[in-house]
Amino acid sequence: MTDVMDQTSPQIEVRNLKTYFYTEDGVVRAVDGLSYRLAKGETLALVGESGCGKSVSALSVMRLIASPGKIVEGEIRLDGLDLLQCSETEMREVRGNRISMIFQEPMTSLNPVFTIGNQIMEAILVHQDVSRKEARDRTIAMIRRVKISAAETRVDEYPHQMSGGMRQRVMIAMALACNPEVLIADEPTTALDVTIQAQIMELLAELQSEFQMSILLITHNLGLVAEVSDQVAVMYASKVVEHTSTAELFASPLHPYTHGLLTSVPTLGMSKEQKLNVIPGQVPNPLHFPTGCRFHPRCPVAEQRCKQEEPLLREVKPGHWAACHFIENGKSPIKGADR
Amino acid sequence: MSTEASKNSEVLLRVEHLKNYFPVRQGLLSRVTAYVKAVDDISFEIKAGETLGLVGESGCGKTTVGHSVLRLITPTEGTVLFQGKDLTHLPAAELRAMRQDMQIIFQDPFSSLNPRMTVGAIIGEALAIHGRGDRKERAERVRDTMQKCGLDPAYINRFPHEFSGGQRQRIGIARALVLSPKFIVCDEPVSALDVSIQSQIINLLVELKERYNLAYLFIAHDLSVVEYISDRVAVMYLGKIVELADSTELYRNPLHPYTQALLSAVPVPDPTRRKQRTLLPGDVPSPLNPPSGCRFHPRCPLAIDICKKVEPRELDVEGHKIWCHVVEEQITGSPPSA
Amino acid sequence: MILGLFGLLVGLAGWHAGTLWDTLAHTLEKLFGANVPYTLRDLDFLVSTLFLLGMLAALVLYSGLSCQRIRQADRTAQGPERQWSIVKRQFLKNRLAVAGALIILALYLVAFLCPFLAPYDPVEQGDRVQERLLSPSAEHLLGTDRFARDVFSRIIYGSRISLLVGFLAMGLAVTLGTAVGAVAGYYGGWVDSVIMRFVDMMLSFPTLILIITVIALWRNQSIWIIITLIGLMSWMGVARLVRGQFMALKEREFFQAARALGAGTGRLIFQHLLPNSLTPIIVSATLRVGNTILLEASLSYLGLGVQPPTPSWGNIVYDTKGNLFTEWWMPLAAGMAIVITVVGYNLLGDGLRDALDPRLRE
């Protein structure tokens, strides 16, 4: 397992990414200062609830943000190359080739009027200089690699003829067809049954070690995070509130939001007498974020200071960043948060 | 907790050999060519104050069971006895009266509320339908119920689109609660909510259950949630129940290979627990053409010859029910008869 | 509610037949003396329109769109606005839609204020020899026709017929169509099949030819017959629309919830299905008015519509088509009036559709 914050040449590095949407109702600060580093073969989980900005950050990395959105600040370096300075032509070389993305809803992400073989071949033909026959062979090999049986016949099937799990595998095949360095998976298993989810995650783990890919996993499922990721960044209201290695996050969550999330989810085998922790209130409207610390209206330990002063993300323990005023000596302000 | 108390309470709902077959029509004259066997011979019972969890993956028929039990869908065969009365053959007027005691909460907080009605009208509709009290009394009762569900009664004249997802789900719960029913079918009530809101709703449901001695049929695909809130859990696969036991017992000692695979597939938020995973091959087959014999046999790691031909029968091990030939053989020591 | 609407329509019919006319006439005479600014004919139009506007307002309220103003506190807080204000805002942003609305508004103003706007009586004939077929001048803005009637005044008065026919025929079509579509959509099954085949059958009749035939056979060209006939031939589209909406809505969870509560058929239809179907109905109705106006104009052009001397844009064209190459301004003016009105209604309808539909879907 690689060291978090590996100083030597990360595969992909994001620094202070800010993506804003200029709507007629006001400015929506979808991503407000996101930074992370991913080494080769490492998995970073970006955790948060709906509206926290995680999906927008992924689209920003791919430079797929359309008006009224705009990446206003930041650096995105893929093996040294600054993606935000690239032209659109250069970006097209990167998309699908060096960075790939898989989405949540396989039915709407696949084109229903083309065969799956066609769609995978398209990814190959766009980026690699090979004949159609060669592309088709590679496609069939890829379909086999994602464990779809009878690849030679299935290659000519349409998405509607396949189940949700299989369609997700097709998407993975499309994404991996050109051997990318980075894979962005945006809630890849949320729409799938739990046994299929297990299959898909197992497949991704195998492919990751085979291709030595870095994976950016976007999810709200803490169980998945614990099982597959090396690092975790917790996002709330467009900002990162905690960022550290997975083992460290679950062992000692420092930010009150992280602690709230971990204790509000029922887990298998927990006692029924144990009451679920509740984070009161609801996720804030991105047009009207609270002043100071964005979590303060829902925080159990919030004080006057939190309303006025926004806490900065700082290294409160070696390798462990958190944004809260009350973390002292690497200890969470919530009693009993450390195991 | 209610597990002890419910052992002595009366049976509220008894479902016997419930079947729900949906005809598939093809051709110009809409001839019936096949049946989707969404629910195929299910039996269970729920006592007053008890929560039965119903888990399974997509296509297993759990939502159909939930709707059938309330007679929102008419069962093809079988009986549903609620408080002793057979719902399947009840005349319309009596059925309507029974509806005061059995209610339902839906999954999607966005489409389960009529966007053109105020919150007060939505919650109070039940009272209006069954003629409870005059206008003033009804408004009072609506406000009261809103408060019980954590909603500010001042919002009684607002419209659903003015509320967040979690609050809308509370409105849905208030709507089900206002008639003081004895039994509520919870159809995936938290699946569509954000993680931090889910616990609010789960806690509310638990609190209401304890306060009003409600019986729940809790349908969900999230095993952790079901295990937490239920007294007993039934696991469904392709229209059949494969295992039924106390929830703690089911988690500690799952007997059916499907239940075992299901439990091992759930990711646990604890990186120190490295799991031994049993991965099931293939996909969930379609209920249009279920496999012969035991429906799970094509994917089952333990399948033996008889599993392909004969459907397993119920085996009751001190309240822990299981439908599996292999397990039956293990427990009784004798090979299952054909 | 639909019953109420039906009752009101019947009341309207009764109004014409009954003795209320005389009472009103007397009252007016007492108020204004001899110079009653409005003739009974005008009153007819006035009352009908007010009536229909009232019905429209009732429908809008029924659809549950909240018309309350936004409270200041709500505006600054993070809550969403009232549905009506969202709709209004979206509508106002669409310039074409606003243009359409203004056109229609202007039209109605003209229609109401006929006696004040028209310089001459539309049916009064001047000197048949001296004053016929005059070119446009300061005294006769659009000249005179072959009966020495002022064309400009006739066109102004003609607006009333077009608007009356358009609106009433649409009202009939929408009411009938909604009722039929609702029954088909709600019950489904064989009821739906039978009704829809009937609708298909009705749709295959050529509208204009059928109306012409009926009029020719009946030999009665009163405006009410025309309105009824047009209405009876225009309801099918609405029926299909409503049926589709009902079938889609029946699958929604809130409908299932209402069934679970024990709601009966009446409540299910009028409280749940109908209010949520009104948006497309309103849009369809607005667009349909354009159609009915054109239909009336076509009939009049063929000489089968409103009979002269009552002016209607269609029959002005009919009257003056013989003079198309010499006094071209007459049919042109009438034609333009029709075009402007229909375009106005179409823009309004499109604007309503854009403003109402996507914004209200979360």
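Points worth noting:
Note that the chains take the letters A, B and C in the order they are written out, and that residue 1 is the start of every chain.
In this text, contacts are C-beta pairs under 8 Å (C-beta built on N, C-alpha and C of every residue); 3 or more make two chains touch, one makes a residue touch a chain.
The shown structure was predicted, so the numbers you read here are calculated from the model rather than taken from an experiment.
Of all chains shown, B has the CA centroid lying nearest to the centroid of every protein CA atom.
Among all pairs of chains, A-B has the largest number of C-beta pairs in contact.
If you average the CA atoms of chain A and of chain B, the two centres end up 32 Å from each other. Averaged Cα coordinates give chain B a centre that lies 51 Å from the centre of chain C.
Here the CA centre of chain A is 55 Å from the CA centre of chain C.
Looking at chain A, one finds that none of its residues touch two or more other chains.
Put simply, chain C touches chain B in their complex at residues 63-66, 79-80, 82-83, 252-254, 256-264, 267, 271-272, 275-276, 360, 362. Listed in rising order, the residues of chain B touching chain C in the complex are 67, 70, 72, 95-97, 99-100, 103-104, 106-108, 110-117, 125-126, 129-130, 159, 161-162, 172, 175, 179.
Those residues of chain A that touch chain B in the shared complex are 49-50, 163-166, 193-199, 201-202, 220-227, 246-247, 250, 260-262, 264-270, 272-273, 275-280, 282-283.
Those residues of chain B whose C-beta lies close enough to touch chain A in the complex are 1, 57-58, 164, 166-167, 194-200, 202-203, 221, 223-225, 227-229, 248, 251-252, 261-272, 275, 277, 279-280, 283-284.
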